[in-house]
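Here it is: the structure, laid out below.
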Amino acid sequence: MNGKKVDLMSDNMDKKELTEKSETQRIILPDPTRLILSPSPHIQTGPGTGKIMLLVIACLAPAIVASLMFFGLHALRVLVITTASCAAFEYLWNRISGRKSTLNDFSAILTGILLAMNTSSLTPAWVCVAGAFIAIIIAKQIYGGLGQNPFNPAAVARIAMLTGAAGAMTRFPAPNSIFFAPIPDALTTATPLGAAESFSAMGKGVEYFNSSAFLWRAFIGETSGSLGETSALAILIGGIGLIALRIIRWHIPVSIICTVAVFVSLVNHFSPGTTPGVLFHLFSGGLLLGAFFMATDMVTSPVTVKGGIVFGIGIGILVCVIRIYGSYPEGMSFAIVLMNALVPLIDKVCYIRPFGHQNIKSGRIEPRRGEIK
Amino acid sequence: MKIFRFKGGFHPAGHKELSAGRMVKDLPLLPRYTVMLRQNVGAPPQVCVKKGDHVEKGSCIATAAGILSVPLHSPVSGTVGDMVTVPGPNGTAVEALEIFSAPAEEQKWDGTLAPIDEWRDTSAAILKKRILDAGITGMGGAAFPTHVKLSPPPEKVLDTLILNGAECEPFLTSDDTLMRLHARAVLTGGAIAAKILGITEIIVGIEENKNEAVSAMEQAAWGIPGVNIAVVPLPVKYPQGGEKQLIYALTGRKVVLGTLPMDVGCAVLNVGSCYAIWDAVLNGHPLVERITTVTGTPVVSPGNYRIPIGASLSAVLENAGGIRERSNVGKIIFGGPMMGFAQYSLEVPVSKNTSGILLLERTEAAQFTGGPCLCCGKCVEHCPMQLPVSTLSKACENERYDLAQKNHVLACLECGVCSSVCPARRPNVQHFRKAKTELKEIQWKEKNKKI
Amino acid sequence: MVAVLILAELYAAGLIIGGIGLVLGCVIGLVVLFFSVKSDDRIEKISELLPGANCGGCGFAGCGDFARAIVEEGADPASCVACSALLASEIGKVLGREITVREKKVAVVYCSGDKSRAVACAEYNGLSDCRAAAAYAGGGKGCRYGCVGMGTCARNCPFGALEIRNGLAVVHPELCTGCGKCVSLCPRKLIHLVPASSKAHIYCNSLEKAAVKRKVCKAGCIGCKKCVKAFPGLFNATGGLVRAVEPEKLTREDLEKISCPVHVLHLVEEDFPCENVEKKEQKQ
Amino acid sequence: MTIAELLPVTVGAVLVNNIVLSRILGICPFLGVSKKLKTALGMGCAVTFVMTISSFVTAVLYHFLLKQPLTAGSFKNLDLSFARTLVFIVVIASLVQIVEILMQKFSKSLYQALGIYLPLITTNCAVLGAAELNAASGRGIILSTIYGCCSGLGFALALLLFASIRERLELSRIPKIFQGASIALVTAGILAMAFMGFAGLVK
């Protein structure tokens, strides 16, 4: 510090200052050459990109623990392979395209975990690596990296694996029985959704899926299915954590869940027996995981609150249409990618009106209303 | 009284306790002052003194040139030096007049402006002339000449005068201290301005976190006959002190893009300008000093100082006790942290609209890395003008000014909220400031091409 | 008998398909009669001839707009800075009138203060755009007149003739077509259009006195006026700066005679050491 | 004309086997015109208009002139359906010519915006594809027209989606080698993959 030696003894310091001061105080002035010169504003609030991604991973932790609990080592294997290959592909891309490494914003690791959550624990390694390649390189990096991709990378990779390697993706193991008795043999290979689909196709009743025993089992998560999807309880804990930390807005998940509930109850009302009840649809398949973690991905969801609600309703309808009428048992990833395609249109249609917009449009000046006192 | 809450805005940490609640300390006499010529919006004044002339405190050193200009006055009695170029507060080097001060005992006011005690009977024209002669400008941020603001075109009928005591910028407490100590003077100044405008309704907007100031102003309000004054505590939110937001909060009227406060029948005056009006009319003192907050964690003794206009930054910091031992100062800011200007040299003189001098540690100071936009919608949610900020930011980044104009970039207040809350640390305000200058230049070229 | 049948079928097929074609042809004829719009074909011919870079040097929105202006409003084709003499004469042939072509102009940046020679007075953290930085203390550069070096001109040059080298804009004369887009873009007004044949310039733009200039930049013109004394006609001195009035008349020998002490007055090729390496071998 | 017949044709044409994203027809205007939303809308309407009328005209021609042109007389078994593609092309070309003249007269700006892509509708395989599919599936005239109109709407929907995504991609920092057509093709691929989700919707 290039401090200047100045004696400061002047009378107008008030009493509190005098006691602090010794008889001569060395005045230090800041060094002007090491100042940062930048236009306003000069303070920043709220977490940065990296911190946000870390918080989302933290909120995913309950779902990860539940999947490890139910599917054991296989789950760990898939989780590690997918996340590691996602990070590796991102590092390779940055190295090839000469950009500085963007691994420190943890988005690649988050995508990896989300992708692993969507796959079953028996997925072969090559399918995981191929999924990671599609998620990171094709769905994100060639659009210019984080923030520029129109589609959710995890959802795109899930669809690609589902349509590409259908065989590998539809083998689901039975969960370790911790809370309930081992599940009946009819359900071992297929997910609850798949079983419900085949039951209704063969004309057998779907009451079993509405029984409270099965619903409790689906809520806790002890049914066969993808890694993160089975345990609705774990996802709800993580989701409410996300909303509490104000990382996502509640409008998208709530509108998805309400739309699905309305649509399924309508279908049950008009043509009963084709599909199980509302709670079954909410707790099984990737609905909750998609609603709280994938549909609310900031980059690919609408910016405004109104847009979020329209986005949620769209996903809800598409999920039910594909699940009930389509041939695929699980429609969440398709619904998310289809609605991601609509997001630019939604942003264009329901953008918020600027302050006093109606006056600008009509050209008239706000009349003097608003009384004083 | 009904308060209208405006959407958007955010709640930064106040840090007001650093400099609030203390007495105002006067700056001791400095050997040399550099008074900047261009201190107001509009044409700079013409110098009317030569090198070596002896001037008294408050005697005119530069006369107004044109309607949108105000005269300049010497802060001290002393001799005039020569014209020097000094680094100005907003980054560009500016012309300034040097004044070397005479010894302390020879300091006396120049009595050309005689005090007017019966201001209620004197005509509005004389009062407005006095405000012009005293060189009073807006002291909030934009230094707009007050006498022009108090003479709206005849067809615009005004019915409310709003005194802006909101001071929503973090760290700053100069208006708060002014209202606490000189409540009666501020309200008298406001009453004089109301008399010039010919209206009787005055509303004073003060943020709730300054309860001492609110109670002081309420007591002083009873003693001012002839005008009914309403002191309204406002919710604490940045940018509550913005002109458009303050008018909407107090009267529910919206000042939209392309219109001025006078179009909705309001006039807004900063509390500091009212005090300066009172000082000019009743004491005959031109605007040569102002109360400025010197604050920030590195400052040894932060507080509010009465600083003569033209005092250099290094002198002010010396009298504020300099900076602490281990502090590593990242930024020195003139004004508040949200809309202030960062400085790069210690020779910058204090001007009429320097409401604060703020020192930030290198860790506290914001660094914009301009990462990719996550479209998280925080900026859109917090923008007080409800603009589609993320689309605008990306459009300006790719220099698509047509797209920016279509999304109302010209309505941007440059309040800095969107850059502060952005998780990707994007310099959105700087993009919009550039886009606005480019669009104004394009409009200016089109106008000239037609003529 | 079968052959006759096949022939008949072919005739029938030909008749039916021919009939459909004929009917549709008449329908189109009717539509053209009622709704046709006349358009001038010379516009298309000229717009093909123009370079098509839409650089705006001619003052119109783009080459298409310029072609329409040439035909309808009689704009002067020579005002297209990017097209050569032979192109202008061809446009003249299409229009049927003779075109005079002005001497080709090239841009030059009057500053040599890159990061190694100019002093930075603060650490700038703002938009990397010259016009935004110039409005805000010159982006931390000490010299108030010097090149801010954030590349706005290089990004917007339609012909890619400008390059930012270590914080200083440098013009490649052979690529530059003199469209003048960068001249209006530079906030410090450093870029000027000079005749293409000019060989040397004084690369400084600061009117400050030498003492002030040396503090912020080691490569500024110190106004010693050696060159003015040697060739009074070719240079004129304003304030602390000397400017070459007719740079095309300066030759390599003149420069060696003047031998500017601060090397501010130097040849254009010296900015491109790699290109004129073989010239140096010839000299040794 | 019951709902059971109508639904598979309409939903099938717009969503399940969308003419662009599932049958991969009409890709060159799909990539060429989708730079701006306005021109995409204009192109979508033009193609839907041409497809509807051409499906109607081609269905009529196919059923009355090409299948068994003369019911009586010696040429009873004369079957010209082999020449349907030739006739369809002639019909579509003349229709597009008429649309071009009308558009030049009535909305000059849209005409300039579409530029070369308007006459290109003649060779647009989506239009010819719809006519061919109608003829091959042996639908009635009214059903063919509805199918033509719906697949035109499907084309317009896909074009609208794609144009809005590309307008947003213009503002993002895509690496140099992927800019332009390559990023458009990747996006179209992902969109097509998403549309596969509708498989089996129509039994």
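Read from first to last, the chains carry the letters A, B, C and D; within each, the first residue is number 1.
Heads up, the rule we're going with is that a contact is a pair of C-beta atoms (placed from the backbone, for glycine too) under 8 Å apart; a residue touches a chain by one contact, two chains touch by 3 or more.
This one's a predicted model, so the numbers in the text were calculated from it and none came from an experiment.
Visitor: When the contacting C-beta pairs are counted for B-D and for C-D, which pair yields the higher total?
Guide: Output for the comparison: C-D.
Visitor: With chain centres taken as the means of their Cα atoms, state the distance from chain B to chain D in Å.
Guide: 63
Visitor: Please compute the C-alpha centroid of chain A, do the same for chain B, then give the distance between them in whole Å.
Guide: Using C-alpha averages as centres, the distance is 44 Å.
Visitor: In whole angstrom, what separates the CA-based centres of chain A and chain C?
Guide: 48
Visitor: Multi-chain contacts in chain B: which residues touch at least two other chains?
Guide: Those would be 91, 344-345, 367-368, 372, 391, 427, 430, 433.
Visitor: Spell out, as numbers or ranges, the residues of chain C touching 2 or more other chains.
Guide: 121-122, 125-126, 132, 136-137, 140, in rising order.
Visitor: Going by the touch rule set out above, which residues of chain A reach two or more other chains?
Guide: Residues 32, 34-39, 144-145, 147-148 of chain A touch two or more partner chains.
Visitor: Edges wherever two chains touch, nodes for the chains themselves; is that graph a line, a ring, a star, complete, or other here?
Guide: Topology of touching chains reads as complete, every chain touching all others.
Visitor: Could you please specify the touching residues of chain C with respect to chain A in the complex?
Guide: Those in contact with chain A are residues 121-126, 132, 136-137, 140.
Visitor: With touch defined as at the start, can you tell me which chain A residues reach chain D in the complex?
Guide: Per the stated touch rule, the residues are 97, 138-139, 142-145, 147-148, 150-151, 156, 159-160, 163, 318, 321-322, 325-328, 331, 333-335, 337-338, 341-342, 344-345, 348.
Visitor: Any idea which chain B residues touch chain D in the complex?
Guide: Listed in rising order, the residues are 372, 391, 394-395, 397-398, 400.
Visitor: Which chain B residues qualify as touching chain C in the complex?
Guide: The contact residues of chain B facing chain C are 87, 90-93, 344-345, 367-368, 399, 427, 430-431, 433-434, 437-438.
Visitor: Which chain A residues qualify as touching chain B in the complex?
Guide: Within the complex, chain A contacts chain B at residues 3-4, 6, 8, 10, 12-14, 17, 20, 25-32, 34-49, 51-52, 105, 144-148, 249, 298-305, 347, 351-357, 359-360, 365-366, 368-373.
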